[in-house]
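Heads up, the next two complexes both have chain A, just with different partners, chain B and then chain C.
Our next item is the complex of A and B:
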């Protein structure tokens, strides 16, 4: 499945540690339900060993701002 | 110098800093650079959307207005008669509606280094991708009524093109049709039922079935067209099959593109789908010579992919996700929503715009968003 990771359309996905997750939620005064979602069976996070409730940090390469971080909460895939 | 940049790295987006770095002369004094950075920073923060600003509304208008000037048309590929592509308004509607079945599926297949130069070689690879059914490689298929048998005449030229021998085809057919006897006679195949009492309608059904027997190529790829793009040759196809194309070793797996957003979501994930939405919308708008800021399109793409799958901007998609009953009812099919809400006893928190407009209250955007606390002087 290495082709998923290397494809131009797919930005880098990384799992946030519990500490970073807490810090993120505190920084923006949000709960995990407020974050955009990503399913557990998403092809891009298959190698990350994630479970529902984790937060994925996505390093997008934006055309307007350079490298931008975006976060998605993992939810159970249907 | 570097420490000055580092100081602003927190405050400014990476792209702006890079731009400053390339534009300022290399022997600039520290005080001057500081002044430039400070000025850029001020401009930047005045450009940021303020809290409570209704960015969605601005985005909708910014895409909607140029959208009225779009033409209804399809674009035809020169040289290939049946290959046309939906562009313009119909395509834009298709993307933003989040349709699972789009009208013209297309792929752009980039090839790896040694394969992408010689036209002959690319053409050969392109042909090998095309889905081949039995009917594509036959000159005739006839039923012999007297002996109730099916005679298939194969096109020998086409067989050499795709490098398949009649015996191989016979093997494929044997697998598909159990209970039939097969005979190979040079370039013709004769199929006959093993049981004695085969009637005409049976053999007729067999003929229809035999037409769509899969012989080779990639399933779903209906047409191929080698095209020059920059200094390399790529293959444009009608019909998509991202998953199987990505497995092939001569394609550049990093750049293969499909215009089917749902397929991308399935194969490459939700983030790739978001990227694809932006790319496809921008392509449409750009092709029409219109000018819409990228950020509006990004906002739309973010909204569409919020829930983990691609949702369209319609009553089956993102509107359905709204928590407020009145907001949903105000969009389309109001009675349905209100009845459903009254049955299940839904609660409306009146947190969004439209339900507050209905109730003649302040809408929580702009200056309506913050509450004020005043100190009252005790008398």
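Our next item is the complex of A and C:
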């Protein structure tokens, strides 16, 4: 049961498709290890069916820049 | 040609040196404690052997052939007559002895368990790091103590005790280092891993020394005293002791001396070698000089504040710098710094002689070091440095030619970097121009106090003089005061008018302020304006006209003053500047203050930093100058209140006091309505606080309504220069409740705060409410209450400042190598992404106006279609 994702302070988390993931890594000339991280057992991504190596796209509402996207690489939780 | 070698360190291994390695590394075997022969020449095989390196100029190293400073020195070694424990490894040796079998050397853990133990250790290291692994090893070792029988060879185990610092006892019987060494030799390689030792790189028995490395002479140079006597380094003294005792031990063993004598010498050798490594071992008396002061040996060289790490590696010192007390000088330009003449005659700037400046630089040499502006040193093209003195300057003048470098005294216009600690932001180090002045303090313009966070109650600041063209150019381009005007934190000017200057500008730009034309010109001259064409051709000049002469003719601006509130219909609450003329509104903190309003920001944006800085200086000084001529003073009468107002305030306070009395009465009768989660007494306290605070706030309002608006104290408040209405209320009407730890004062004697009150008195006066103003004076108990809160808040700030300072330091250090890359991402030192777009919006705050971009302005000023 995840109530966390319904909280209004928790931004929208979504899984990135393999194609989008590849494009993202190419855009920034990075490997997946260079992305910020998120644990597999993070409450916000419990219903997303993710495994380590996936990339999560987070859409936040910014007071200064409208909607902004942030990306995190999924890693093994403790 | 210098040769460069590029290598990258791939790994570092820490361990013990093997006896074999020590011998291979060494160039000399030291055999005699003698240092020099009769001619004063180093003895071969002595501690100062010239194969160990050179410390005398002119000599060459016998090993590498290098001269002084070229040869970095070479190790030697001595063969120890008997093995000696290395003091730094005693605890490790103890662990290994206690948890291995005394017979077969195996770890006292059964075969089947050893694998699980290793797995456990690896898991702990992966999860919690190396420190946790070491703790875990400690834990495992302590479990082996209880084992009385070896699981492998079934030998009985005996308890081992350490007698500090380096004696081991096995059931009352002493273990000699020889026995210890043989036991350590027996531990098999696979068991050694458990102790954190890599058996491929080292063996545990190497922690018991059989040979000892002798450090090169270059790390223990001797000093030749004025009398010609040689004074040896502490380490050399210590090594001399070691070699001497070692020699005697050899002789005694070979002569077949009684065991007691040999053992005594052995212990003595152990003592000397221990103190050679560490002279501050707890149970040992430190080795001393003849004068009685303890020797500084290896550990003392590395550790602590005076050690190599904190003193020489982390704490570097700079030349060409100065530090003194600072004081203000409003006659300086904002980007100038006043340097005392004696400092200017010590700190120099190198200037290279060319065909074209030869005559110019000659004058500095002629002046010599003792008259200003002269010079202190001459550097010849071969790098030789010559001191210029009154005696040598004649001769130096003759050899002067292009290519030489003259180190001349600091002069007006030279570039300097000025700094005040704590250097929390980049404005704490700015580039100023030197102005050489008399007296002994460094001087700065009061307007730059804000970025440095300086005041003049004894603050000291540092001054650095860049010594190369590159350094000067870099300082000028990146660190000049004008380049630092707009704060990267909030995008507004960090320099603005303060204190007197603000008051002055406020007075000047009042609606009815006029000065005769003559005085206007006088003022403008005083602030450095020489072009009076902007002044209107009138006998009487208004303050706003005077201010407008400073503004550029095409400057337009609309902003609000401090007095502006939405809905207020006051033309003077809005600042209008049209074509460089101030139409309405007065200049106050909202427009001229640091970090407020867009007036200064816009001036900077439209006319550039150079202009903005100059204008800022003029505005600042205009305020001061006006205030100086106009006069500005404060008296007790300024906070007087009309009789009517006084009556109203008294009425208000009496009402509050009655309310408090009533609350106490209901409390005593048990009728007080209790707040949820509180006791009756707590409720009463809260209610009383509420009533009294309300009363004080109302007094403040009454005071601001009835106080005389036409006083200088009110002008200070309105301009934002100093003070607020609450300060007036406290002076004229009611100081208010003295709060201690969030409540009224409840400390002191049993049931009362002071002995002048009755026991159980809950009234307002007995718990620190002061119902009159400072003007009326304080009653003794009121003064006491004020002292209590005063002391409390003083302690609070004194304790909080270092805490928050350290918090900020840690934060700044954690973020220091984050950087915005060319693709707008923020990345750390290993190029990992921290943010995908700097600050979500990718804005450089210092290029914005208070954090936003003025899109309308950009569109309006766009050229073309």
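By our rule, the second predicted complex is superposed on the first by the 76 of 78 C-alpha atoms of A that agree within 3 Å, B and C clash if a C-alpha of one lies under 4 Å from a C-alpha of the other, contacts with A are read in each partner's own complex, and residues count from 1 in each chain.
By definition in this document, a residue touches a chain if its C-beta (ideal position, glycine included) is under 8 Å from a C-beta of that chain, and two chains touch if they have at least 3 such contacts.
Since we're looking at a predicted model, the values are computed, not measured.
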{"item": "Which superposed partner A:28 touches (first chain B, second chain C, both, neither)", "value": "second"}
{"item": "Which superposed partner A:43 touches (first chain B, second chain C, both, neither)", "value": "first"}
{"item": "Partner chain(s) touched by A:4 [first = chain B, second = chain C, both, neither]", "value": "first"}
{"item": "Touched partner set for A:69, first chain B, second chain C, both or neither", "value": "second"}
{"item": "Which superposed partner A:13 touches (first chain B, second chain C, both, neither)", "value": "first"}
{"item": "Which of chain B and chain C A:53 touches, first, second, both or neither", "value": "neither"}
{"item": "Greater chain A contact set [chain C / chain B]", "value": "B"}
{"item": "Chain A residues contacted in one complex by chain B, in the other by chain C", "value": "36, 60, 62, 64-65, 68"}
{"item": "Contacting residues of chain A [partner chain B, same complex]", "value": "3-4, 6-11, 13, 36-39, 42-45, 58, 60, 62-68, 72, 75"}
{"item": "Chain C-facing residues of chain A, complex", "value": "28-30, 33-36, 60, 62, 64-65, 68-71"}
{"item": "Touching residues (chain side chain B, partner chain A) in the complex", "value": "13-18, 246, 253-257, 264, 266-272, 275-276, 279, 294-295, 298, 302, 305-309"}
{"item": "Partner chain A, residues of chain C touching it in the complex", "value": "823, 825, 827, 831-834, 836-837, 839-843, 851"}
